[in-house]
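First chain written, first letter: the chains are A, B, C, D, E and F, and each begins at residue 1.
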Amino acid sequence: MTYSSFFYSEILAIFRRKQDAVNALVFFLLVITLFPLGVSPSKEFLQPAAGGIIWCAVALAVLMSVEGMFKEDYNDGSLEQLVVSGLYLPVLVLLKLAVHWFAIMLPLLVLTPILSQMLFINWEILWVLILTLILGSPALFLIGTIGAALTVSLRRGAVLMLLIILPFYLPVIIFSTGAIAAAQVGQPYNGQLAILGAISLMTLTLSPIMAAVSIKASVN
Amino acid sequence: MAFESINEFISMGTHGPYVWSVYGISLILLLGSYFASVKAKKNQIKRLKQRYLREQKS
Amino acid sequence: MNWIWFHKLGSPKWFFQWANKWSKFAFVIGLVMLVVGIAWGLGFAPADYQQGNSFRIIYIHVPSAILAQSCYLGLGVAGLVSLVWRMKMAPVFIKAVAPLGAVMAVIALISGAIWGKPTWGAWWVWDARLTSVLILFLLYMGVIAIQNSLDDMQLADKAVAVISVVGLINLPIIKYSVEWWNTLHQPATFTITAKPAMPMEMWLPLLLSTLGMYGFIAAIAMWRMQTEVLVREHRSNWVKKEILDNGI
Amino acid sequence: MISADLGKPLHSNLDLSISGLVIERSERILCDNFSCVVKAGEVARIMGENGAGKSTLLKVIAGILQPLEGQIFFSGEDISYHRDMLHRELLYLGHHAGIKAVFSVAENLNWYCPNQTSDAIELALDVVGLAGYSDTPAHQLSAGQQRRIALARLWLTDKKVWLLDEPFTALDVKGVAVLEAKIKQHTDAGGLVILTTHQALDDSLSVKEIKLV
Amino acid sequence: MTYSSFFYSEILAIFRRKQDAVNALVFFLLVITLFPLGVSPSKEFLQPAAGGIIWCAVALAVLMSVEGMFKEDYNDGSLEQLVVSGLYLPVLVLLKLAVHWFAIMLPLLVLTPILSQMLFINWEILWVLILTLILGSPALFLIGTIGAALTVSLRRGAVLMLLIILPFYLPVIIFSTGAIAAAQVGQPYNGQLAILGAISLMTLTLSPIMAAVSIKASVN
Amino acid sequence: MISADLGKPLHSNLDLSISGLVIERSERILCDNFSCVVKAGEVARIMGENGAGKSTLLKVIAGILQPLEGQIFFSGEDISYHRDMLHRELLYLGHHAGIKAVFSVAENLNWYCPNQTSDAIELALDVVGLAGYSDTPAHQLSAGQQRRIALARLWLTDKKVWLLDEPFTALDVKGVAVLEAKIKQHTDAGGLVILTTHQALDDSLSVKEIKLV
């Protein structure tokens, strides 16, 4: 096994399981529909809440799809093989994550403009939303990976994983919705964006190593 | 004909962009479904034919 | 009532040959009606006194909306047939029609959204009718997702049948709940249910294009089902004979 | 260092020696002060009843589990804490073979052995009795056939140290014979094999038995 | 195996895995906290939205915990054993479901009064909320089971399961929040409660059979 | 009907006969027009290479998979569509043994055999070599020990028809001997066993070999 053969096989696996990416997308759409139906369909409610709704939906969709990232590898023994492959585990985690980010986030970004119309977001605000998504979503994936690695050996990891990880998502969600809310009332929002980027960068250095440690502990 | 001229037909009052984009998108989706289905059938037939011929030879 | 045709439809071979005969017929008739209906509606029907020319979107909007619902009904019935009588063609039908239904729902949604902009001033409002089409689309995506996610064909067949049957029973509930929901939360500002008494010159092309859409989709569905039959029955002698002798 | 014995390749100086290993599992000491040496050219078979700790020992050697105490030396170097050197020469097959269900047979092998031509892969599949299956998704194969995919890696690798945990499970008689021959060939070429199995091995394989008590 | 030994072992399994029930609870709590944080903590926003928020959280928590209901049984081969046990599968499904309902919903019902205080729900309205939960939640479990049975053979079924099941949850959510909203403005809400009960009853007859069909198809 | 042969118990009239079975798996016909009869007191061993379809055949008999065509008769009655009658007499052990990881060993057995006293269970555990493990959670056991839990069911059941898919995997030599003895005892008492295995069986077991081609 080499880094490139690992990377290639990850891409292949994503292609084989492309329905998974579609599922994440439809799930995203579904969660967004839940709010108008469950709470209120009026513009007065939806417009101010839109940033929060979209970010909650993104967080859930990312979490749900990251959750299973190592499951299959664990069950079929590939994870063990990665550990003994002699390759540097954090790099493998990062490669896997990059592939997942592309597969999940790109379609999601494409869908966002349409959905923001349904939640009455203005075109100007849309750009802020997309910026927060691009800057913040890496953090979602990176944090999620740690949870996925920790819960991989549990058969019923989904709820537990949500539990462990959601609190760590809160800062990302708060700063993102903060930026959007600021933009909606015409205030500057560069500060929030900078913090989002900083969180992503920080998790980028930290999370692959933590995930690798967790994987090594899970495989036994 | 409900329209005086071809230009008027295209502009549809002020609603031209709406009407024509709807029909454009619908046309693409319908044609897409049509060609995808026809092509899938042709491909399957071709694949089976090759397989049967190969089987007959061996 | 003669039910023989129904039982025969359960036989892939019989269906394949039946579809060979009728699919082209349905396609040609459907296409002609669709083209005539739409051309009539676009070019010759009078403009609506309220909405002006934007109402011409109706000739694609209503056919696709009706088809989206009919296809889902079809899925449900096929699911029931598949679970109760284990008819071989039923899962084939579901697999072939679900994506078409989803496309129809998408066309209804897109055309409605674009129509909404000049008429209501918004691309989207959370109106009961609109929302129920959106949910219908989500239901289709569910069927498609489960079909594609399960590798085992028999399991996938059972799964889509189960989901379709559950959907069949729940669809009225969903529709009713959504309608009820909207009337409670929000006074219906825009009703698309109240029919404007449509003059004949508007209504006839609508009928034509709707019937045409039925024919068009039926033909495509038959081809897709034939493809699926070829995939599933490729080891049977009649498929071999059909392909080698008739050169289809 | 050039080996004096010309019949054996350069690598033949490799050996694995374990000294004073103590392994604990769920608060039970499995092997207490366990030592052994396995040299190039040897097949070591770990003997023990069900639950004796054979799989655990293999995992400890591979670095998947940590021992409580003791050292492991690989070609004279202490690798108790850093397995990198060993991993470069290691092929480990556990109970779960690391075969991805969505990949075809050939793709599974490509993943592990990226430097092999597809001809080489076809050849290996032929040897393990999977000729013609290279495009079949792995989940469509029987238990024994999936096992064979993993075993095909043995024909495609130049790793010297093989740790095989019950490699014969689910294999039919022919498969067992082929695998035994391969193990013999590998050790003859200066490789090192440590395996566990409950089945009797063929006599042609000269096995060094290591008892776990 | 007998019905009673099956039932007993289910209870035992729930006790062994009591963390799962706790997790569902905490997840419920977490989703509810997400709203004030992500959208707005003001009473004006929360009070009218409270019914919808609690019901969305309940639906997600139930869905997530039902999702893994058959996973373990499938992976260790017990599901196969159930199929060949000679017992009537729909009854087994129902027994399992009953145990799960108690384990998840009872603590959740206990927690509800506290949470509704946090969302500014009045005490009078609280009763309506609890009534809708008691009447509606069986439907959530029953519908969810079908999805769980269908996706049991997938390693990464969580997203797919949410996808196919959430649309069917919409009526339950809509009628429940409808009842609460009606109560909040002082209108009668018996009609909605009756419909909720009717939905639960209908799914009670349908869903065990459908789930059994799906299980039989999944085990192979 | 009372059996004339007094050495055998009442049940000895049971038999399982299969006629014209056609099984398809992933678009490949596995057995085409397969027929066989297994009578009470017989051990039938299904023979075949890896991937021949042995596991699939057992699953079809157990009713987990559906055959394409063909009938299965149990004691003369057609059970092709309704396995209820067979299930009342059936014990099936597949590749996955149905052992719950969170349960202790004794709890696992209580679940399957609710009518047994805890003494009987202790005794069975003793026979399969798990004495003293009855309160250990199953996930803390080795592969072979987990297998033994499932096999302990054989000592605690009064079911007559046993379908065992590779029951000897992961068992050590002692375990294999104990299991073989149990199978012999069961058939001597008028039971019926169909099993698959790639290992050679002991000669004391008179086995009827059924070839799958």
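Please note the rule applied: contacts are C-beta pairs under 8 Å (C-beta built on N, C-alpha and C of every residue); 3 or more make two chains touch, one makes a residue touch a chain.
Keep in mind the model is a prediction, meaning the values are calculated, not measured.
Determine the set of chains touching chain A that also touch chain E.
Of all the chains present, those in contact with both chain A and chain E are C.
Going only through chains that touch each other, what is the minimum step count from chain A to chain F?
Step count on the best path from chain A to chain F: 2.
Through what angle, to the nearest 5 degrees, does chain D rotate to match chain F on its C-alpha atoms?
Resulting rotation angle: about 180 degrees.
If I rank A-C and C-E by number of C-beta contact pairs, which comes first?
Per the contact counts, C-E leads.
Rounded to a whole Å, what is the gap between the Cα centroids of chain D and chain F?
32
How big is the gap, in whole Å, between where the Cα atoms of chain B centre and where those of chain D centre?
Computed value for the inter-centroid distance: 56 Å.
Compute the distance, rounded to whole Å, between the mean C-alpha positions of chain D and chain E.
Between these chains, centre-to-centre, one finds 47 Å.
For chain B and chain C, let me know how many angstrom lie between their CA-based centres, rounded off.
Those two chain centres are 16 Å apart.
Chain C: which residues touch two or more other chains?
Within chain C, the residues that touch at least two other chains are 135, 138, 141-142, 145, 149, 178, 181, 185, 234.
Check each residue of chain A and list the ones that touch at least two other chains.
Only 17, 19-20, 23, 26, 30, 37, 40, 72, 75, 155 qualify.
Give me the residue numbers in chain D that touch at least two other chains, ranges are fine.
In chain D, 95, 101-102 touch at least two other chains.
Within the complex, which stretch of chain F touches chain D?
For this pair, the touching residues of chain F are 25-26, 48-53, 55, 95, 129, 140-145, 147-148, 166, 169-176, 198-199.
Note which residues of chain A are touching chain E in the complex, please.
Residues 17, 19-20, 23-24, 26-27, 30-31, 34-35, 37-40, 45, 48-49, 52-53, 55-56, 61, 64-65, 67-68, 71-72, 75, 155-156, 158-160, 162-163, 166-167, 170, 173-174, 177.
Quick one: in the complex, what on chain A touches chain C?
My answer: residues 19-20, 22-23, 26, 29-30, 33, 36-37, 40-42, 46, 117-118, 120.
Contact residues on chain C for chain A in the complex?
122-126, 131, 134-135, 138, 141-142, 145, 148-149, 178, 181-182, 185-186
Along chain F, where are the residues that touch chain E in the complex?
59, 62-65, 83-84, 87-88, 90, 92, 94-103, 107, 110-112, 114-115
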